Amino acid sequence: MTDRGKEDLTALRRLLHRHAERGWEEFWTTAFVAASLERLGFSLRLGADAVEAASAMGRPDGKALARARERALSWGADRALIERLGDWTGLVALFDTGRPGPVTAFRFDLDAVETAECRQAGHRPFDEGFASLDETTAHACGHDGHMAVGLALAGRIAALAPDLTGRIKLLFQPAEEGVRGGRAMTEKGHLDDVDVLFGFHLAGQFASGAVGAGCSDFLCTTKVDVAFRGVAAHAGMAPNEGKNALLAAATAVLGLHAIAPHRDGASRVNVGVLRAGTGRNVVPDRAELLFETRGQTAAIDRYVYERALEVLDGAARSQGVSVETRLAGGAVDGTSHPDLVALVAEKARAVGFTDVSLEGRIGGSEDFSWMMRRVDERGGRACHFIVGADRTAGHHNGRFDFDESVLPRAVDLFEALLRDRAGRGDDLRR
Amino acid sequence: MTDRGKEDLTALRRLLHRHAERGWEEFWTTAFVAASLERLGFSLRLGADAVEAASAMGRPDGKALARARERALSWGADRALIERLGDWTGLVALFDTGRPGPVTAFRFDLDAVETAECRQAGHRPFDEGFASLDETTAHACGHDGHMAVGLALAGRIAALAPDLTGRIKLLFQPAEEGVRGGRAMTEKGHLDDVDVLFGFHLAGQFASGAVGAGCSDFLCTTKVDVAFRGVAAHAGMAPNEGKNALLAAATAVLGLHAIAPHRDGASRVNVGVLRAGTGRNVVPDRAELLFETRGQTAAIDRYVYERALEVLDGAARSQGVSVETRLAGGAVDGTSHPDLVALVAEKARAVGFTDVSLEGRIGGSEDFSWMMRRVDERGGRACHFIVGADRTAGHHNGRFDFDESVLPRAVDLFEALLRDRAGRGDDLRR
Amino acid sequence: MTDRGKEDLTALRRLLHRHAERGWEEFWTTAFVAASLERLGFSLRLGADAVEAASAMGRPDGKALARARERALSWGADRALIERLGDWTGLVALFDTGRPGPVTAFRFDLDAVETAECRQAGHRPFDEGFASLDETTAHACGHDGHMAVGLALAGRIAALAPDLTGRIKLLFQPAEEGVRGGRAMTEKGHLDDVDVLFGFHLAGQFASGAVGAGCSDFLCTTKVDVAFRGVAAHAGMAPNEGKNALLAAATAVLGLHAIAPHRDGASRVNVGVLRAGTGRNVVPDRAELLFETRGQTAAIDRYVYERALEVLDGAARSQGVSVETRLAGGAVDGTSHPDLVALVAEKARAVGFTDVSLEGRIGGSEDFSWMMRRVDERGGRACHFIVGADRTAGHHNGRFDFDESVLPRAVDLFEALLRDRAGRGDDLRR
Amino acid sequence: MTDRGKEDLTALRRLLHRHAERGWEEFWTTAFVAASLERLGFSLRLGADAVEAASAMGRPDGKALARARERALSWGADRALIERLGDWTGLVALFDTGRPGPVTAFRFDLDAVETAECRQAGHRPFDEGFASLDETTAHACGHDGHMAVGLALAGRIAALAPDLTGRIKLLFQPAEEGVRGGRAMTEKGHLDDVDVLFGFHLAGQFASGAVGAGCSDFLCTTKVDVAFRGVAAHAGMAPNEGKNALLAAATAVLGLHAIAPHRDGASRVNVGVLRAGTGRNVVPDRAELLFETRGQTAAIDRYVYERALEVLDGAARSQGVSVETRLAGGAVDGTSHPDLVALVAEKARAVGFTDVSLEGRIGGSEDFSWMMRRVDERGGRACHFIVGADRTAGHHNGRFDFDESVLPRAVDLFEALLRDRAGRGDDLRR
């Protein structure tokens, strides 16, 4: 890549970094990406055309969406695009070469993390003026870099068009944090015709120069929001008139953590947040809790989740209160296809990565897994890999930043994968 | 009373003491009482004619009943009477004077307590050879004395027959301990036509020579047996295959004790016994618990009981196990009629009791309350009183014994009440 | 009272209503009252001289105090007075007649309630422009009326000075809501020399024209804030490294509500608020809960409180977390002296109240009880009474307002009590 | 083996089967084995010389031991031997060849299971008259077969003596069920000088003719008995005077099951049995629970065990009751040495087993693991293997019986191992 190209890529990443938006609120970001891709000749499916509303999880309320749209406009987003988006973010961009060939897809993610970015000297985004405009939200996971790579790849696609075959899809997914958006994009059908799918993550446990060519350890997880509703009463004067939502919630917390482990492998349950009650002398009429289940396999996660529903139902009944649960996120398991893992490894070496391993532990959950599973079910192949990058702090930490110098080579790797899968000529394989 | 009469009364009480039988198992006792009353000209309603089966609570199983019947025979009970009793104990004896007049009723209780009687020197029943034949059961509450008084009263009724009017009923109730039998006798209808009802208890907080003329502090209570049934599984190999009855029971215990108090008065809940599980390394598939609720009023007891059912249901559902509850006993509240309280006090003084108070705290629950309530509902009047007696230990204690010298005067008091209510002549009042 | 006097009294109440301040933050109010009383010749003990810091409960943090002081200044409070107050509010005003005689004391309360005042047509404070300046705080309990009466009484004291004897104390207590300030004013010693103490409350269950002359049903209560501190950990990756503060809190909630009732009378416990955890996938390292105990007697409240500490300690240890408790409020029991109850009733009738009863149920807790107890211990007498007032909603409701027309007669009643107890001449009694 | 030899072996197994004794109560069995071995020239370490008292877990009380000794005598045990045993069972038998060489050890187990043996036609021990004499105890795990093999091996050792070298130890361990005795035999030092140790189990998942040559999946486990002690009180009259042991136990049950899983591998906790309380209307003053922990590694088991102690301590404190825990059993992890696994496989094939695999899943815990670990720590090698046998029901089931025809070949395998390790000549090992 030329020095100019590298500078542009860095600038692009920094622009995206500065406009950090939370999951499902990526209006500015979606509009920005959309405008860029439209210019390059991609045809777009935006917002409600990109995601299936019924499968969207962990959505903010209408007020938060309105605030986010307003802000996007105040940040200069194109009003027409914002209006097209309505209540939804995310986009799928299609480049049709007009020639027969496979459907090759690449997925990137749009959202930032709910964390305050460090605003002290020594944190480069702060020092160099591209820290997040929103004090409570930051690109502390690297999705800004992912998008920069994705947009650069789009430019390559446009430039290489005469040499490409088939159709090429770029998926810019909303709400990856909390694993909330991947399923919705999958359920919209965008993966149904995909022959080859690539996704990636920056950094993780890999340093600059390294690549982990195939992640296969996605943990299944389900995220659930719970609301108990009872009846308030004066705790001194009429305790018997209350229906105690907090007692139900406390009973549920103990019951959830006591769900038996599974013979077939590891499982987890965590009630991470509980908020209940309105005043010291009032029988609490409401309690909200946020919890998650995990399982080494989808079946184990499902077992824990179903047991959890029993526990919640029983706890509510025991206090005569109601309970509602809402799916707030979820990811399944998944394994990168070995052929593609080998391909990524080969191309990574080819473009100059010096430390290439076949295994790329993601060490957690990723809702790319929904897409992998769909592609796999339809007879295609998918692969998720890690592009190493030195980082200044752990992912999701307010001090997180990564070595931008890895971005150009990441673009080169994507181009190599593109050429291999969608190229006309010598590059064509298998 | 003549010295001979006093000796007979003492001997009668000791005979009954020696043949202590538990609630619903009073076969020997019922047969003995029945034979005595038949001889005196009473007509009898026995066993299933004395109690309403559907309202009987806390019944032993068939094996226990069979064992008890066998033992009654081995103790010399009349085989024909035992056969008439079948599976049921208790009796109602009617004496019809043939003259118009009120229905006057007296209630006594048949059963002994599940406690081991003291078998050491210094405990009179042991020293003088009339300790309970059953090592695990004892007349440690005074019901033997109650029955002795009742049988002596029957003799007086027969002797005074020409001077009496109306009909006189003697109710010998089974299973007072655990408040299990009172409701069944009431539901059979024996109280429906009663104009005046008397019941009494020996000792309590009153010394020999004292009488507490009217008890009004009966606590409402409900006794419940609970069985959780789940699915056993190897706790190490297949923990997820179990349905844990102990977890349900433990959740229920906490939930039961956390039932909110009532604005209108005192309430109680106690899980007195819990037994669960079969082996250390097996997910427990069964758990039994015995609990009770109490309330200052029937409404409060009902509130606690209904909340308890919710708690149990919720706890069971939370673990995917089943739960069954069985009413094992119950008593309601009740107040002695002030007119009768005054009458008891007057007659007590008249027959020589020296320390007579109007209030007679029973300090707990008594299923005489069911009978009081029914009489009251039908327009009659009822009274429960205490005849003081020095005692050697607390009620239900294996060392309990009482001062037998109070029995003759207790009989005199009952006779005085009888004459007042059912007499023809000068004694007739109001 | 003259019409002008009545208008002034109403205006005074409304001025105080408008400047509603929460407990321990009554800087504007204290300064306003102080300035008024100083003008009338009272000598003042302010802030830290009025309350014993070590006995103050439920104090806001330093930031909240600083904000409240700033606001008081912005509302026009006298800067010199605010500086004298420092971190503390409340005042005791002494009027020394210079003549021998008793110490007669009257107590009023300064603080408003943490509730949003109704801002819709039909709510008089909104309609007539005297709604609370602070949107989250309102005089929804009537303390504004209490203070207006107190200041009017101060004027009467000054006017009647030549006819009075002894010393007269006016106590303006901070932080009555949540029963947080009464003990601190008592522990400072201001009640130690008091011969006669009066306190009152507006409205309650009494309509305009009525007086409940002697409250005797103060419930003992203890308010406690609890903080559990554990160790956060990634719930999926390292669950064993966490110390789960939420599990401790949930265990505590169940344990607190399961504290056994007391043989000697009613008790209560309520966990009104629980907040725990920081994120769904993090083992919660902190949990805060707010609870209260109540008891029919001080001993019962103490029993529940001490059991609660055991429960909290055990719950914390069971999860290896720490727990800290902080007393956030408390009140004891207390009974109005019958002589003073009779006096209040007599004077109430004398000044024109038409419906006077001897009993004045406060139906809850009041930290006036600390003061009553101290006066009683030192051989004095105390009385708390209710001055009825029609109201538009329940106390503490954002729509609460009361019938201001009762205020003049309330002042008259106080004057009558003053004359009776501290008068020189014909009014002197006993 | 000759037909006669086979018949003897079967008869021996059946004799042992008939005299089934529980762990730590194997007086008849120990005496029988001891007499047999003494006759063959072994020198014996019996009872307290065979096991370290301080490390014995899950011991019965003195009464049970006395009863078991009495019964052993009634079954014809040698009185002198029973007296030598005192309160202890188990034995270590040493055969010294007098020639230099290794110490070769073999371990067998003495105890039967606490289960009722099937007494219906179709169950061979019943049909053929060798069912357990004790109706509540049965050799339902195969230890009778183990001992028969061990005694036959002893005969071979005596017969082959001239061809053997070094010293040969036979360990007959008490109380393997519940993993209670293995540690005590290890701590006595009997493994400290052992160069090669073999142990085996019959049946498991292997059919007749099969051998699983090396078990390596021993789960670490800890068995704990817990006793809570509180204060009883009348639940209606004086609930506040009780210290509720059942509430503590119920809290503990929930807390134990909620212990967080470990990042490093599987863990388990199970409260298998809970018994609490004495009567429905009494605050329970005692509660006993039996639980176990398991871990994929010793560190994980330790983690769960230590967390469990915290939970128990906290639960007890929360109710003001005391808690005592007693180690009732335990096993560690362990891996068969690969050289010995290969050897067992080779010899198994050599003696005619037709289905030999290298892996032999024991699928649970075995306190042979203590011995393996000690041998390994001292530089020796150990191996545990499975000799397949068709069976009629699962281990520990009252219908369990196994195919006795595998016993002769099992003896042959042991002889082959003996010759390989302790032989003088051609058999001498690598």
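A, B, C and D label the chains in the order they appear, each numbered from 1.
Following the convention adopted for this analysis, a residue touches a chain if its C-beta (ideal position, glycine included) is under 8 Å from a C-beta of that chain, and two chains touch if they have at least 3 such contacts.
What you see is a predicted model, and the numbers here were worked out from it, not measured in a lab.
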item	value
Centroid comparison with chain A (C-alpha atoms), farthest chain	B
Pair joined by the larger number of C-beta contacts - A-B, A-D	A-B
Centre-to-centre distance between chain D and chain A (centres being mean Cα positions), rounded to whole Å	53
Distance from the mean Cα position of chain B to that of chain A, given in whole angstrom	70
Touching two or more other chains - residues of chain A	237, 239, 244, 247, 251, 254-255, 257-258, 260-261, 268, 283
Interface residues, chain C side, partner chain D - complex	237-242, 244, 247, 251-252, 254-255, 258, 260-263, 283, 303, 307, 310-320
List of chain B residues in touch with chain D within their complex	178, 219, 221, 223, 235-237, 239, 244, 246-247, 249-251, 253-254, 257, 268, 270-284, 287, 290-292, 294, 328, 363-365
Of all residues in chain A, those that touch chain D in their complex	254-255, 257-258, 260-261, 266-268
